[in-house]
Every structure is written in C-alpha cells, then in structure tokens.
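Next come two complexes built around chain A: one with chain B, the other with chain C.
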Partner chain A sequence: MRLEARGALSPALAIAAPVAAIACTLVVAALFVAWAGAPVGRTYALIFEGGFGSRFAWSETLTRATPLMLTGLAATIAFRAHLYNIGAEGQLYAGALAAVAVGGLHGGAALDLPAPVLFAAMIAAATIAGAILMALPAFAKTRFGVDEVVTTLLLNFIVLLFVSMMLDGPMKDPTAMGWPQSVALDEAVELPKLVERTRVHAGLLVAIALCVLAWAAMRLTTFGFEVRAVGANARAARFAGVPVTRTLMLVAIASGAVAGLAGAIEVAGRTGYVTLDMSPGYGYTGIVIAMLAGLNPLGVIAAAVFVAGVLVGADSMSRAVAVPTYIADVIVAFALLAMLVAAAAVRYRVRWR
Partner chain B sequence: MPDPVLRLDGITKRFGSLVANDAVSLTLARGEILALLGENGAGKSTLVSILFGHYVADAGTIEAFGRPLPPGDPAAALAAGVGMVHQHSTLADNLSVLDNVMLGTEPLWRPMSKRREGRARLVATSKRFGLAVDPDARVARLSVGERQRVEILKALYRDARVLILDEPTAVLTPQESEALFATLRGLCADGLSIIFISHKLDEVLRVSDRVAVLRAGKLVATLPASGTAKSTLAEVMVGRPIPPPVAKPHARGDTVCVLDHVVVRGERAGERLDDVSLSLRSGEITAIAGVSGNGQAALVDVLCGVRAADAGTVKLAGRALAADPAAWVAAGTARIPEDRRDVGAIGALPVWENAISERYRKPFASAGIVRRAAARAFARKLCDRYDVRGAGIDAPAGALSGGNMQKLIVGRALSGGAARADQYLPTLVVASQPTWGLDAGALAWVHQQLLDTCARGAAVLLVSEDLDEILALADRIAVMHAGRLTPARAASSWTLADIGLAMAGEGARDAA
Partner chain C sequence: MIDALAAMLVNADFWSAVLRIATPLIFGTLGVLLCERAGVLNLGIEGIMVAGAFTGWLAVHAGASLWVGVLVAAGTGAVFGLLHGILTVPLALSQHVSGLGITLFASSVASYAYRVSFPNVTTPPTIEPFGEMHALGIPVLDAQTPLTLIAIALVPLIAWILNRTPLGLAVRMVGENPAAAEGQGLDVVAVRVGAIVAGSALMGVGGAFLTLAAFNSFYFQMVNGRGWICVALVVFASWRPGKALLGAMLFAFFDAMQLRLQQADAGAVPYQAWLMLPYVLSIVALIAVARRASYPQALMKPYRKGER
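And then the complex of A and B:
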C-alpha cells in the first residue's frame, strides 16, 4: 500500500471530505451508543437538542466555547510555527491565578484603583503569566534544543501543583468553609453578561475578535509570513532571511499570552474565583480544536462551538438516556481522526500495489 | 548475439500517470560493458530497480542466463548472479571491510561466523580481480573510491556475473574514475558483464562497448560506443540539439568580495574551512571544484550570510557584514543554494510567497503589512520572465518540477525584486551546484543566466562537482579539499589532471 499525491486539488473533494468525515464519526459513535443499549436516533437528537436546540442550549454552548476558542487559538498560533505548545492548560491556570492575584479581594478589599485600570492590570498580569510560562520552554528549545513538547507538558503539572499550593495557602478564601478555592474577584472587574439570565459573557466577543485578528495577521502581515515560513521549513526560512529564533520567541509569547488570557476570562466572566477544577482540560481540548480547524484561526471559532455543543449536549443527553457523557469524548476524538484522514484523502490517493 | 547473459523484454512501469519505463527491451552479452545513458528522470534508475527486484514491472519479463527471473525478489536476483553497486555507499561505517562483505551471506541462526573462510575467500577474490583492500580496515576510514571498491568486491564475493553500477563516478575524482574504468575493463576480460549508468557523455564513450539511450521512459537508440560522436549522443539523449552557452565579451572589473584567512570550525570535516583566502572580481566567474563534502557547504554558508566565520574576515564591497541572510541580500548577493527543495524554497507556501521570500520586508511590505497585490504582480512577472511553468502563482512551490523550481530560485536571486531586468544587477552571485539534477535544457538555461549576469558586471562564484560545467564556464578555478582551498588560477592554466590531483588533496605542493 502506498500514497500517491493527487495532481490538481479538486474543490468537490475538498467539500465532500469533511462531510464524509462527520458522517463516519456519527456512524462510529452510533456503534458505541448501541453498545450502551440506548436508541441511537434519540440519543443523537438529545445531544443536538442539548447543545444547539434552544436559547438556553446555545447560551451554555457559547459559554463553554469561549475558553475553548482561546486555548484552540493558542495551540493554532504555536503549531503554525511548528512550536508544540502542549502547556495551554498550565498557562490557563497561571493566567487565572494572576488575574485573581491582581483583581481579587485580598483581606476583604480589592486594590485601591479605578476599575478600568484594575481591569487592564488584571488582563496584563494574566497574559504575562501565560507568556512567561511558554517563553521559557521556547527559550530552552531555541537555545539548547530542548524538546518543547516535553517541557510544556510537564510544566502543566508544576503549575497545577503551584496553584493547589496557593489555593490552600496564601490565596485561600477564608470564607469558603475549607474548600480549596481562591479569594473572589472584585465585582468591578467582572465581565458583563451578553444576554440576561444566561452565563454568556463578553469574553466570547474577545475570543472571536482575537481569532479574527490572528487570522488577518497570519494572512496579511510580514510576521504572519514569518510564522508560516518557519513552520513550513525553518531551514529555508532562515536562508531566505527570516529571523527564526525571534519568530519562535514571539510566537511562544503570543501563544502563552492567549492561553493565559483564557484563564483570566474564565475567572472574570464565569467563575469569579479560581478552583482546581475550573478547567476540565480546556488546554488539551484546545489542541484538538486547533487540529480540527486545520490550524486556521477562523476555523477555531467553528471548531470550538462544535466541540462545546457536543460536550454540553452530551451532558444533558446523559440525564435522559443511559449513555455516559464520555460519548462526547468519543465523538470529538473520532471527529479529529476522521478530519485528519479526510485532509490526507484530499491530497493523496491510496494505491494497493 | 551468441548467448545473452541478461534479456529484458518489454519492461513497462507506470507511477500514476507517469510512464517511467515504456516497453524497454535490452540484452547484455557476456563480457560486455553496456552504458545506460539518459537524463534525470529518463527511467534509468527505475529500469535497474526492476532488474534488481526493488520494483515490480507492470509488464515485461527478465531472463538471466536463460532462466526467467522472478519479479520483485532481490534475493533471487542475487542468487542469479546479478550484483548492484549503488550510487551512495550502502556500507556500514563502523564495521570492517570483511564484516561488510560477509554481512548477509551467512544464516543468522548459525552460532559462529566462519570468518576465517570468509577472509580467505575475500583475499582470493581481491587477488583474482586485482582489487586491493585491507580486510580489517574500518569502512569509516576508507576514501570514497576505496568504499566503491569494497562495494564491487561485495558483489563479486557473492559470485555476481552481472554488475550494475549506478552513476559510479559521481563521487570520484578524475583519477579515481580512471582507476575504476581500468578495473571494469579487467572484470570484463574475466567474463563479467556490466551495466553502467551515467549521464556523462565522455565517460560513457570511454568505458562502454554499447550505449543504450533512454528518453522519457523509452529506449530511443542502442549505439556502438566506438565511432559515435559525443554530439550525436547528446542529441539522441535530449531529443533536440542544445546550443552551447555563449559568453558575451566583457571587461573584468574590481574586486568586490574578499575572504581573508577564513576559518570555520564545524563538527564534521565537510563543514570546516581551514584558512581559506579568495577574492572575487566583477565580470569574472570563479569556480570552486572539488568532491562535495570538503567544506564547500561552509564556504557557501558564509557567503550567503547563513553562518559567520569563526576567524578571518569576509568583506563584500569593502564592508564586513553580519551573519544575517537579509543583510547579504540587501548588500547585493544573489544566492542559489545547493538544496533547492529544502533550502531554496519553502515547498508548502505558494509560488508567489516564495518569489518574494528573500525580500518580504523590503520592498514587498510597508509598516509590517505585506503588499499583496505588488508581490503577486511581481511573482507573475518573474514566472513570465524566467519561464517558470507550473500550476500558477497560488500553487505550492513544492509542486514545481526541479527545473522550474530552480528557475524560480535563480529568477528570484537575479531579479533582486525588481520588475525589469535593467533595474537590478547583483554585486555577487553565489551559485552552489546550480545545475544538479537538471535536464539539459534547464542546465543550459542556468549556464546562460550565469554568463549573462557575469557579462553585465556581477562577480560569480560557482561551486560545482561537475568538472565539465566548471571548464565550460569558469574564468578562474580553485580546488577545495578537506576544508582547504588552492589559490584561484586562470582556468587555462589548469589541466584536468591538475584539478584531479588537487581534488585528492595533492595540490598543496603547488600552493606552498
């Protein structure tokens, strides 16, 4: 068996391939649903309804999609330059902790600053915390050739333990009745709700705006060219005159900052304080979203909404029929595999000897 | 033909829509040297890969010594007495010559290796064919020519009666090539038959009895070597007459680039420069000859701004420049790298971005925004002017054929981002193996571009392994060996033998 490159790319195939990928995903997930002994059609209907079927469903999906867009964007920016940031989870927590450190009610009172200044300082602290966490592995990579996959992955555990220490120590909320949870954020710096009586907050607009901005920057600016050139072939980029090390460092800072911002926005828009379970793996799911989006920042918006919808829908479905919510992970994981195969199928054809 | 040792009948092999071999039929007689001549991509390698069992033909049969050879079975080819010597050494560097020769000849489950018998047999084989080797020498310490001898011995040790040599002279000095030819003639006198693959006309005429010419997968002619003119052979190989490149008369100018006692310390021998001095004048082509891997890459890297010299000075137009490719491009260096697919172009990006990749900040951007319309218009003009053919400027550059990719890279370098030819002239052209792997048409085109740019007043540095190319183009020649460079002398003062000696490292006497 061998792969042969197709000549010209066919537009019909480029549309048909992702459709086929989604169809395959549903068929495979249906096998698991049937295995769990639930009616397949009704289960899918419930997932769809729970994710996208009502105003409430949409609000929950978009609330869940907000941090996913940001972590997906963080992965997209880095992966485009072939810099493998697996540490968005840790950067998100670091950003959240930094946000509360600046904007929180320590000893019952916030810092004595006007709200806009405090808000700006909070956002700055979160992005800087995330950026530093990614800049260190990038420096180790460009200077000493240390594999960033390993360093960023392991930093996640260090950060989580550090957050745990802070939540049980200096930043612990004395009024939380012993729960490991940080002090609350000053209400003055919380993000406004977009829709009354829902949890959708202004962070969604920030996330969408950043995705659009990143898309434009990738496409239109010299920095975007540098990132794509370094990612496609660092040797050739260096030969052409692209400052490879500088580009990688800037990409690392941008990627880490966006992941750190995701933490601040979760705290300021949804939770109001930091807990150790505030992110059910948003940082790792961001990697899946980036790949689903084909590393296109605009695609990240759609992929994040899709994944969030499936997760939210599966939650409500599992309350109605006896299928565990883990079916959502199966659907998302298989969608990713099917998309990768579909992308390859658009460019190659398989030959059996 | 009395008793052919090998008979190929109607061999056809397709890769997708490409027909690599189209009904090729050939015979090889006992004691004959048959040259397989053709351009890159003509189907030579595919044909011998089928013969040796690496590929399975879509149609056609092979007979060795009157018996059919099963397709796709290298072990059967070996057993039938067909031996192959690959272009690049396939020996294990950290084993001895004897180990390498015996490797694969003994069953794995036998507890003890019969090294004594193996050694006796190797020594006998080497005596019989006059191929002297030291059985205990480590292969890593051998020269390229010696390694090739081991490869041939390895085939003979397995009782090969037909030897296939794939471009065996590509890595040899002229003297080593001569020695190889003598060896091959000796083997033939002993009754072996040889298939010799090459695209070099001179050596094909010198060594072979018959020449089989492949073009676009088809066997277009089989000619006797004696009495056939080189020009005839060239025309049959290419399919049309190729006019030789013409140098317009022009004046020599001032020195524009000076390397003074330059040292580069690399990890491997091939990456080092050892006290290299050279000056390049405008209106002059200076060629660096030498077997590749003797420091040429380090020299080119320094002159392309990719790396800094560890000691010594490098000046372009009187200025010392930082090791920054952008600075060298801005100072007027036109750079044609050796590895066009992996260094010269970014294959995943479209042709138009590759056309401006050396000048994406200036002039094709302002305030950090790429001037897309201007860049695309320039790319279109570039493709037009330098005849880059492909699927258009939005197709990925990696989809271009080798010749078209080289035209894009040469055009990008020589045009300097200017729309018209008279708006830009590079100060220095650094061309490293600029015609490697190109067909005759693209090769002649590249040569003409270098000659024209030189005639307009640029200094040209040509680094090449191909002595024909160097002798055809160079005004001055210097030879590189083990990181050292001989003084550059007028091309007319070198003989082929001188260059060969210098390539082998024996020109140091002259330099002293």
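And then the complex of A and C:
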C-alpha cells in the first residue's frame, strides 16, 4: 500500500472524517462501558447531562474549560512551529506558584500595592515564569540541538517537586493543618465570578480573547506567517529569509507564557491557593485539545469545551452508574488517535498495490 | 559526608539497589533504542510501561504464573506498539503526537481496567513477586530477580543482532536511509513496524518488572516518568546498547545515591531537592552529549513510498 496526496481537498470529506472519528470513538468507548457492565445508552446520556444538560452542568464545564483553553492554546502555538512543548503542565504550576508568590498573603499580609498594580504584577510574574520554563528547552534546542520533547517532559517532574518543596517550606499555609497547600491569594486580586452562585469566572473571557487574538496573529501578521513557515518547512523558511531561531524562541516564550497564565488564572479564578493536585493533567490534555482543534486557535475554544464537558460529565455519571471516571480519559485519548487518522484521511488516499 | 559516601560505595546493598533501579530502565531503554534505530520515535513508552505493569500483574493476580505474567506484559506492549507502528509507518502520522496519544490511551485504559476489576478496594491487592536468586551465590547479583539477569543478557544480544545479523542491518538501514533499503528490496514498512513491536514488548516487560519484582502490587503513579527517562538515556547512549546499559546504571547510581543521602542528611536539605537530582542530571547529560549525538538519519522522518 502507499499514500497518495489528494489533489483537491474535498469539503465533504473534511466534514465526514472528523464525524467518523467521533463516531468511532463513541463505539470504542461503548465497548469499555459494556465491559464494566453498565447500560451504554444510559451512561452516555448521563455523561451528556452531567456535562451539558443544565445550567449548573454548563457552569462546571466552562470552569473546567478555562485552563484547558489556555493549555490547548499553548500547545497550538508551539506545535504550529513544530516546537513540541510537552511541558505545559510544569509551566502551569510554575505560573500558579509565581502568582501566589507575588499576590499571596505572606505572613498574613499582601504586598502593599494598589489592587490593579498587584494584579498586573501577579499576571506578569506568572507569564514570565512560564515563559522562562519554555525558553530554556527552546534555547537548548536551537543552540545545542537537544530535543525539546524530552527536556520539557523532564522539567514537568522537576517543577512539580519544586512546587512540593515550596508548599512544605517558604510558601506553606500555616493554617492548613499540615496539608500541602500554599498561602492564600489576596482577595483583592481574585478574578470576579461571571455568574452568581457558580464557579465560572472572568478567566473564561481572558482565555477566549487570547484564542481569538492568537488566531488573528497567526492569520494576519508577518510573525504569524513566519511561525507557519517555520512549522511547514524550517529549511525552506531559512532560505526565504525567515529568522528561524528567533521565531522559535519567540514561539517558545509565547507558548510558555500562555501556559503560565493558565496557572495564575486557575489560582485567581478558582482555587485561591496552590495545591499539588490543582491540575489533573491540564497540560497534557491541552495537547489533545490542540490536536482535536487541528492546531487552529479558534478550534481550541470548541475542543476545550467538548473535552471539559466529557470530563465533568464523567464525574457526575460515575456517581450514578458503576463506570469509573477514567472512561473520560479513555474517550479523550482515543479521540486524539482517531482524529489523527481522520486528518490524514482528508489529505491522503490509500492506494493498494 | 565523605565517610558516609565511602561506606555507601563498598556496601553490597547499595549496588543491589542500583541494579534493581536500573532494571526497568534497561528494558525501556533497549525498547526505545530498537524503535529509534528503525527510525521511529516512540513516546508511547510511558503509557506502555503502565499498561505492561498492570496487565502482567493482573494475569498473576488471576492465577497465572509469574513468567506468564511477563509474557502478558510483553504482549500488551506489542499490541500498543503495533498500534503506534500502524499510525506512524504506513499512515505516516506525526510520531510525536501519535506516541503521546498512545501514552495517554494506554495509561487511561490501564487505570480504567484497574477500577473495573477492583471497584471497591482501598489497599491495592498484592501478589507473590519474583524472589531473589539466593542460590546464585554471587554478591549483589544474588539479591536480584531473574528479570534483572534477562535485562543484562539482552544488552549483548541486541547489540549482536543489530551489528552482526542481516536482520539488524535491515533495522539500521530503514532507520538511516529507507529509500536505499527499499532499493535493496527490503519492505520498509514491515521492518519498521516489526522493530516498534519488539521494542514496545520490551517496554511492557520493563513496566512489569515494577509490579512483578520491585513491588508486589499496582499503583497508578508507579511508572512516574521512567519512560521519559529512557527516551533521554537513548540519546545519552548514542543509540548503542552497551552505552544504554552504562547510562541506565549511571542513572540508577545517582538515584540510589540520592535515596541514601536523603536518609543520611536527616532533613537538612528538603527531600524534594534530592528527588529532583536524577531529572536534572538527565537534562544536563542530554545537553552535554547533544553536540556529538549521531541521530539515526531518518529518525522522525515518515517514509512515504515514491515521495521525494
């Protein structure tokens, strides 16, 4: 067999392939549900209801989607330039830690600054922390040729241990009764809630705005063009006069900064302090979201809401029927693989000879 | 401190610990090495190790013998490897993304299957793991399980296959210059997929070492980045089995050392700093060898027949 590039892209296929991928995912997940001995139809209905079926469900889904949009965007920006940032998880934690370091109540009092200044300083600290954490592996890649996949992955473990060290040490909340939890954030710099009596916060608007902004930057600016050129063919881009190394460094900084911001927004919008379980793998899920979105920043918004809905829905489903919540991870992971195949099917046809 | 270090280095228990820590890394590193020599990055390793650790342990828990458990783990690895192989070789999808997808899929399936099999357990059920080979009578080695001996024996075996057999030549050719291999009448797809399947089976066994020899139960976080370490070790080893063994031993040496120092310093340095050490050293080692790294020429380059 061999792959043959299709001449013209067929719009019908471009719609049919992802639909087939989702259908395939649902069938495979149904087998897993059936294996657990639960009624498949009811389980799916419960997941949908728990994720999208009510005002409360939507509020929880959008709350969960907020960090996922940002980590998804971080992966999208980097992957577009073929810079594999697998370190969004660590960058998120670094951002969260930096946010509390600046905006937290150390020794019972926050820094003596007006709230808007403190807020700006907190956001700046988080984005810088994330950016540095991605700039280092990008520098090692462009300067020494070290593969960034492995370095960013290993940095995740280092950052998590560092956070753990800080939560045991200088940033420990003395009132948490030994629980590993950081000091609380100053209430003045917390993000306002968007809807009364829900957890949806202003971070959602920030995330959506950044996705739109990134889409426009990719489409309309020279820098966006250079990023796409580097991603499509770095050698050709260099011949055409694109500053490849500088572009990669800027992409790394942008990607890391967005992931760091995700951490600050989680702290300022939802948790109010840093814990070691504040992110159930948002950084890794962000990669799935970026791929589901076809590396399109606008698609990231929809993909993040979909994935968040599945995660939230599975949580509430597993309280009603005996299907482990891990079904959500199975669905999301298989959807990624199916979507990859679908994307290839749109671009290539298989010739059997 | 110096005295403590010296005492540690002449202690047989310390070197036993080094070998024990190195064993899953040797399996995993050899697995990654096989895949990459054939030109395919396999980031599925982390999830494949989790899945192998789980299925091998589950088989033994269900009444199979330990060796059947090892085979089940190898089979699990091979199945996920086949999936990765199909996605990356004939379908030529991104090796990075497919590998990460395999890791997410394999580890979530393992977590799901564990919860379905044991819905209401609070303490993980245990099995009777591989025993130490006391009959051997050789210091350090007699404190190991048979899996460690197999891991060490695999190193010269794989080196011999890669460097001295037509099969190994075929694997190296498809990893260096698939078009030329095709010209010699080799089936690039078959060789690449075969290498990935074999490598992934080794990764599965590496995971099973954790549940069948190092511990006696399955925990969700037990692989804990060992797979990623293996990917780094292969670069450190310049894709050579002998150096891979050396790298795994070196890593295990530092890991065992930090464990001892952690106990010795009685909390003067936060324990997290010690735990960070192996990861930091891996990154430093990667940067140190990067300039001399001789990547397989076709690594991460999908091969599409007839395409220039």
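Keep in mind that, in the parts below, the second predicted complex is superposed on the first by the 353 of 353 C-alpha atoms of A that agree within 3 Å, B and C clash if a C-alpha of one lies under 4 Å from a C-alpha of the other, contacts with A are read in each partner's own complex, and residues count from 1 in each chain.
Definition applied: a contact is a pair of C-beta atoms (placed from the backbone, for glycine too) under 8 Å apart; a residue touches a chain by one contact, two chains touch by 3 or more.
Quick caveat: nothing in here was measured; it's all calculated off a predicted structure.
Partners chain B and chain C fit side by side in the overlay (superposition on chain A).
By the document's definition of touching, of the two partners only chain B reaches A:T221; chain C does not.
When the two complexes are overlaid on their common chain A, residue A:V149 makes contact with chain C while staying clear of chain B. By the touch criterion defined above, A:I287 lies against chain C but remains apart from chain B after alignment on the C-alpha atoms of chain A.
Seen from the Cα centre of chain A, chain B and chain C lie 70° apart once the structures are superposed, a value rounded to the nearest 10. Once the two complexes are laid over each other on the shared chain, residue contacts for A:G241 go to chain B alone; chain C is not touched. In the superposition on chain A, A:A126 contacts neither chain B nor chain C. Legend: residue contacts after superposition of the two complexes on their common chain; A:A229 is shown touching chain B, with no touch to chain C.
Touch counts on chain A: comparing chain C and chain B, the chain ahead is C.
Once both complexes are placed on a shared chain A, the shortest Cα to Cα gap between chain B and chain C comes to 7 Å.
Listed in rising order, the residues of chain C touching chain A in the complex are 41, 43, 83, 87, 90-94, 96-98, 100-102, 104-105, 107-109, 111-112, 115-116, 119, 225, 228-229, 231-232, 235, 270, 272-273, 275-276, 279-280, 282-283, 286-287, 290-291, 293, 304-306. On the chain A side of its complex with chain C, the touching residues are 1-3, 32, 35-36, 79, 84, 86, 140, 144-147, 149-151, 153-155, 157-158, 161-162, 164-165, 168-169, 284, 287-288, 291, 322, 324, 326-327, 329-330, 332-334, 336-337, 340-341, 344, 348.
Remark: chain B residues 15-17, 56, 304-306, 324-326, 329, 335, 337, 342-349, 353, 357-358, 360-361, 365, 368-370, 372, 391 touch chain A in the complex. Contacts from chain A toward chain B in the complex involve residues 4, 7-8, 220-225, 228-229, 232-233, 235-242, 353.
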